[in-house]
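Right after this note come the structures.
Next come two complexes built around subunit A: one with subunit B, the other with subunit C.
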Partner chain A sequence: MTDRAISDLGGLTGGPIDISEHQPTLSERRIDAMMMLLRKKPQAFWVTDENRRTIESLEPKAYEESAYYERWVLAIRALLIEKSVLGEAEIEAKLAEVRARPAGYTREDQR
Partner chain B sequence: MTGPHAIGETVRVSAGLPPGHVRTPLFLRGRTGVVIRHFGDFPNPERLAYGLSGLPKLHLYQVLFRMDEAWADEVGKESVEDGTYAPGDTVAADIYETWLEPL
Partner chain C sequence: MSSHDNTQDHHHGDAAGHDHTTFQPDLKEPTEDWEFLEIALRELLIEKDILSSREIQDEIEAWENKSPEGGAKIVARAWTDDAYRQRLLADGNAAVGELGFTVEALKLVALENTDKLHHMIVCTLCSCYPRPLLGVPPLWYKSREYRSRTVREPRAVLKEFGTELPVTTEVRVVDSTADCRYLVIPRRPNGTEGLSETALAELVSRDSMIGTAEAFGLGGKRNTL
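Coming up: the complex of A and B.
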């Protein structure tokens, strides 16, 4: 079946499901906070349905290899560009800056 | 007002395969079930997904399917044998009115 969305798994053999719980990590909390702020009404940049559509549109490899919140980050990036909030170049420039930070960098170092 | 369908009515899910963001799982396309609940009307999520208003609102129903019918030609028979479900088991799904056809 070629028309199956990547997220539409009903009826497929999936093997055992890992239902163990874990406390959200700091990164996961930050991603969640970012998403909530971007979707906060009345100035929301997008709605939850657009988020779903964007995650389903990820490259299959990126979708399969990404954890739940990693998919959110990929969706946030794609939607920020789609909505002209940020440009690809702006995002890449900021990422380069962050990657160049020394180990042990904290917010205080910005001041 | 429960929209175009009544509780207890037998309905068929459209067998369509539209591209893009859809809210009806593939394994229920073309299957027949019974309306068991009317949730109200909501903006169409398949249009909201593209930044549109989603209006006019659509009626949303809960529809009950027999598992052995829903998965008849996929995993149906094997799943009964391996204990995944029993012959009388059902599965309920939330389906918007645009996906439902009267019999």
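Coming up: the complex of A and C.
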């Protein structure tokens, strides 16, 4: 096995491609929207290259095993902390609160 | 229960008895760590007035309004207007701008497929894709298998998409980058001389602009618009 970056997949072997079509889920759409907005706000919290760098510096196991938008949301988390927009502790606290919500109330319908 | 037999695990937060005359898929409860993380980050950003729910909703809608129909219009124009085709090949950004599309901060290169040369697009390193023209990339475009194998065995990959090209056609794979995106102009099907630009655009599938298929009418089978 050559020593290559986790994202450097070109030329590797692989199995058949799953060519079925998928509708993105609400979580995926929201992750995509957040990434785009945080990059394009007037204050542009980061640029494309920074979120690529963040994704590419995930632990190899995390990169391999993560769903596509899972990597994106992990990158958003890392960049928000790196840019001091959010703190790690407040994210963890919020996460615990979200998880503790009863079924049916986890996703508040925000209007 | 008979009216609910075809729905999945049906539960609502609100117990109010609204009737189900229209069928809408239920929101799946989050189960994965990253889905909870999405909720936590979004709510924190909203609480801090960094983002608003409205902005996120608008952004999601803006994404849904971008579709391969944009790229198809550009291809149909290139098929019918030779001067436009040449401008598109010379300067992709300026030419798509003529039709009201912007590909911001990126170089856009249009590649023309012919009998002798077939292009297909990949992004081996991530998922770079001409979103303003084709919408959100399909899942397979971002898959490990497509990213790795397309530059290794493009004809085998094409075959999985139902596309078999003569051995005399050169297959050229182009690897997108964060700064440069590609749009394939598929071959125009024979016998379409009399068609309007609008009718021609309907022959241009998403996959034909990625290069994994040909336009409809040329053996392009997958209807994925």
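By our rule, the second predicted complex is superposed on the first by the 101 of 111 C-alpha atoms of A that agree within 3 Å, B and C clash if a C-alpha of one lies under 4 Å from a C-alpha of the other, contacts with A are read in each partner's own complex, and residues count from 1 in each chain.
One rule holds in what follows: a contact is a pair of C-beta atoms (placed from the backbone, for glycine too) under 8 Å apart; a residue touches a chain by one contact, two chains touch by 3 or more.
None of the values given here were measured: they were computed from a predicted structure.
In the superposition on chain A, A:Glu90 makes contact with subunit C only, while subunit B stays out of contact range. When the two structures are aligned on the shared chain, A:Ala62 is found in touch with neither subunit B nor subunit C.
Judged by the touch definition given at the top, the superposed model places A:Leu80 against subunit C, while subunit B stays out of reach. With both structures placed on the common chain, the touch criterion links A:Arg30 to subunit C but leaves subunit B unconnected. Of the two partner chains, neither subunit B nor subunit C is touched by A:Ala44. For subunit A, the partner touching the most residues, choosing from subunit B and subunit C, is C.
By the touch criterion defined above, A:Gly104 lies against subunit C but remains apart from subunit B after alignment on the C-alpha atoms of chain A.
Residue contacts after overlaying the shared chain place A:Arg52 against subunit B and subunit C alike.
In the superposition on chain A, A:Glu70 makes contact with subunit C only, not with subunit B.
Look at A:Thr13: by the touch rule set out above, it reaches both subunit B and subunit C. Counting contacts as defined above, subunit A residues 8, 10-11, 13, 49, 52 meet subunit B in one complex and subunit C in the other. Listed in rising order, the residues of subunit A touching subunit C in the complex are 7-22, 24-27, 29-34, 36-38, 41, 48-49, 52, 55, 66-70, 73-74, 76-77, 80, 85-86, 90-91, 94-95, 97-99, 103-107, 109-111. Only residues 17, 19-22, 25-28, 45-46, 48-51, 54, 70-71, 74-75 of subunit B touch subunit A when the two sit together in their complex.
The part of subunit C that touches subunit A in the complex is made up of residues 11-13, 27-30, 32, 34-46, 48, 50-51, 53, 55-56, 59-60, 63, 122, 124-127, 136, 138-140, 142-152, 157, 160-161, 175, 178, 222, 224. Residues 1, 3-5, 8, 10-11, 13, 46-47, 49-50, 52-53, 56 of subunit A are the ones touching subunit B in the complex.
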